[in-house]
Amino acid sequence: MATDSRPADVLARRHPQHRDEWGVEFARIVAFSDGVFAIAITLLVLAFQIPENSPDVVHSLLSQSGDVFAYALSFAVLGRLWLAHHRFFSVLERFDARLMGLNLLYLAWVVLVPFTSEVLGDYGNDSGGVILYAAVMLGVTLTFGVEIVYAYRAGLVKPELRGVEHRYAGTASFIVAAVFLASIPVALVAPDFAPLMWLVVFFSGYRLARLLGYES
Amino acid sequence: MATDSRPADVLARRHPQHRDEWGVEFARIVAFSDGVFAIAITLLVLAFQIPENSPDVVHSLLSQSGDVFAYALSFAVLGRLWLAHHRFFSVLERFDARLMGLNLLYLAWVVLVPFTSEVLGDYGNDSGGVILYAAVMLGVTLTFGVEIVYAYRAGLVKPELRGVEHRYAGTASFIVAAVFLASIPVALVAPDFAPLMWLVVFFSGYRLARLLGYES
Amino acid sequence: MATDSRPADVLARRHPQHRDEWGVEFARIVAFSDGVFAIAITLLVLAFQIPENSPDVVHSLLSQSGDVFAYALSFAVLGRLWLAHHRFFSVLERFDARLMGLNLLYLAWVVLVPFTSEVLGDYGNDSGGVILYAAVMLGVTLTFGVEIVYAYRAGLVKPELRGVEHRYAGTASFIVAAVFLASIPVALVAPDFAPLMWLVVFFSGYRLARLLGYES
Amino acid sequence: MATDSRPADVLARRHPQHRDEWGVEFARIVAFSDGVFAIAITLLVLAFQIPENSPDVVHSLLSQSGDVFAYALSFAVLGRLWLAHHRFFSVLERFDARLMGLNLLYLAWVVLVPFTSEVLGDYGNDSGGVILYAAVMLGVTLTFGVEIVYAYRAGLVKPELRGVEHRYAGTASFIVAAVFLASIPVALVAPDFAPLMWLVVFFSGYRLARLLGYES
């Protein structure tokens, strides 16, 4: 920043000059993202329906087994995404306006998960419900991959953590995105099979990324 | 504060004297505002309706295209507002009771957006739904403009950032407010056209503010 | 704490010994309380009903004027409570288990406000809806008063801020509680009149507390 | 860390090397957990139903006494869990991936409480509603016990706080879990009696844990 040739007032206009200020702003972006994740993950519970005037409440509850599967899957998915987001932010040195925009776009996909999860719980045997879920997860993972790649290219990552192995985080995200994309035609033929593909990618994607040298 | 002539007990009564304490309080106002934004933006998802016992879930989902447009628009709007709020707070040095009150009033408008967004999604071709959305956005942007102007007049902005170019932030907010106001009579005649005006103002308002020397 | 005669392991068991740790814990209580306030205030929007397949959406929206009044009142009430809570916490030096319990009880009342607000919006001309609102506000303000008095008696307030004028914060809270109590029999006879009493107490209670030397 | 024999790039890959960075990450996990607790506790209010076009609103409200009991119980339960979680985190020195996973699993149970509470409020005299509540609480307390035991075994607790008395925190959690388990067969025979068992365990479990030397 000492070598930045732009006039001081332009810099002042674009962002506060003090490191402390940036610290506060970074914290706000983190807090906002965490808040959205925390709310989205908690709204998953709204998928369960309270039986109304049911003579046999146990039976009514057991009939929601699709919702239980969708809840467990989506909680694991959102928890996993949050951990990856958490790790990504921990290697960031700073933010720019474009990364903020990308992060908002990413969150716009994340916020849809409670809805797609509820549809999956109710229509898990139906191609439509499965494809909707896969499409939103495709949006989530693609945007996250773009976010990571952009952060590396724009030099927003801490210099000491710009090692080759970190670059695979974006790759891992695109691999997962490819599986979600591939599961869409699969869901047209075999809707029950597609979620199995997702589960496999969540575990082997993790292992694959480890092989490639990056855990997220 | 060393030259403040009021008696010490009055100052103590009005606010804690230590800088650290103010740091904590400022952080609480920021956290509260961020929390409200994060919840409001996540509640946007409640606008989507789960098809009930639908034989054709794809068709039921596709029929919600109005909701998809309203979701995308409102997520962009709330994200944009949060970024502007974020930037405004980063130039603030301190808070007073009136700015806190204005900020609460501002948040009271922001909280209404998930509702107006849901109405817009269901009644986007109807003047009523469009006018309601425009009226709330008018409230949001007017209050934000007043908040900015007040903060500058009351000397709550960091001295090193009180340059001329920052004053345009309030102006930019009033320009956007004026377009929302102008879209109300337009919506009475052509409800489909008014949202286009909003989109234009969100992009050219940004460019215009840049011309005027301030990005928010 | 240097003069504390209890053995070190008992102290260690009860709370972490480092000031930093207490800083973190204090921050968590604050963040949790702020989170509850932010969510409760945002859930107020759920009181508005989306007209379903309404031929005249404007008319449907205008018929919710009771909800608009309840929203404005409850946003002002929750905003005011949050500001007072904010100010109370800023004079606290530390927490003990009992104050934490009282604070949770206080939040349990606060969380009910979106519900009582929605009932008030729908049944504002009915004694039942008005009494329910007054009863919950009575619970809120009484608990807050007890919280303040307890914090002073248990010596949890910063020594430099234990001046006489701060003690009136509890008194002010009890005065407001008394007005909410008095509004209950009034609501039985004149349900439309009781909310006016609340508005008066929110403004003159403020002025009265100022006369007594404390703003909250 | 100076004596860590793993190559520097492996360490860099697994976690940021700076203490400050871990401070930020720890804070995010805490903030996320607090956010989930705050939202779950606030969503409890959604269990109350707004009477629709009721001629006698008081009667409609009084008929929700089961919901009031479930609300009070669940607010106390979630508040108590949050306090215990709060205390547990205050003795932690650091996190590892497994503890993060366990904490997410724990939160997955916590998020279900607003749903089970609503079912309990509506079907409190029915074995099904009571067993569902007990089963989720069993999941909560078992997972919390495992989290505590794991943190001690993996050496994630601050060295100065690894005294014998802290180990009882896990034990206390398992005792409470055992009572929730025992209440399930009881609920089959006497659904009204099981919640009394829970209340006893919440108070005597507390006392018992105190006898054992740990308050949570």
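Per-chain residue numbering starts at 1, and chain names A, B, C and D are given in the order in which the chains are listed.
Simple rule for what comes next: contacts are C-beta pairs under 8 Å (C-beta built on N, C-alpha and C of every residue); 3 or more make two chains touch, one makes a residue touch a chain.
Computed from a predicted model, the values in this text were never measured in an experiment.
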Which chains contact both chain B and chain C?
-> none
Cα superposition of chain A onto its copy chain B, rotation angle rounded to the nearest 5 degrees, comes out at 90
Between chain A and chain D, tell me the centre distance in angstrom, where each centre is the average of that chain's C-alpha atoms.
-> 25
When the centre of a chain is set as the mean of its C-alpha atoms, what distance in Å lies between chain A and chain C?
-> 35
Chain A, residues touching no fewer than two other chains = 31, 35, 39
Chain pairs satisfying touch are A-B, A-D, B-C, C-D
Chain C partner contacts - residues on chain D that touch it in the complex | 27, 30-31, 34-35, 37-39, 41-42, 44-45, 48, 50-51, 54, 56-58, 61, 72, 75, 79, 82-83, 86, 89-91, 158, 160-161, 163, 165-166, 213-215
Going by the contact rule at the top, pick out the chain C residues touching chain D in the complex.
-> 9, 12-17, 21, 24-25, 28-29, 31-32, 35-36, 39-40, 43, 97, 100-101, 104, 107-108, 111-112, 114-115, 118-119, 122-123, 126-129, 131-132
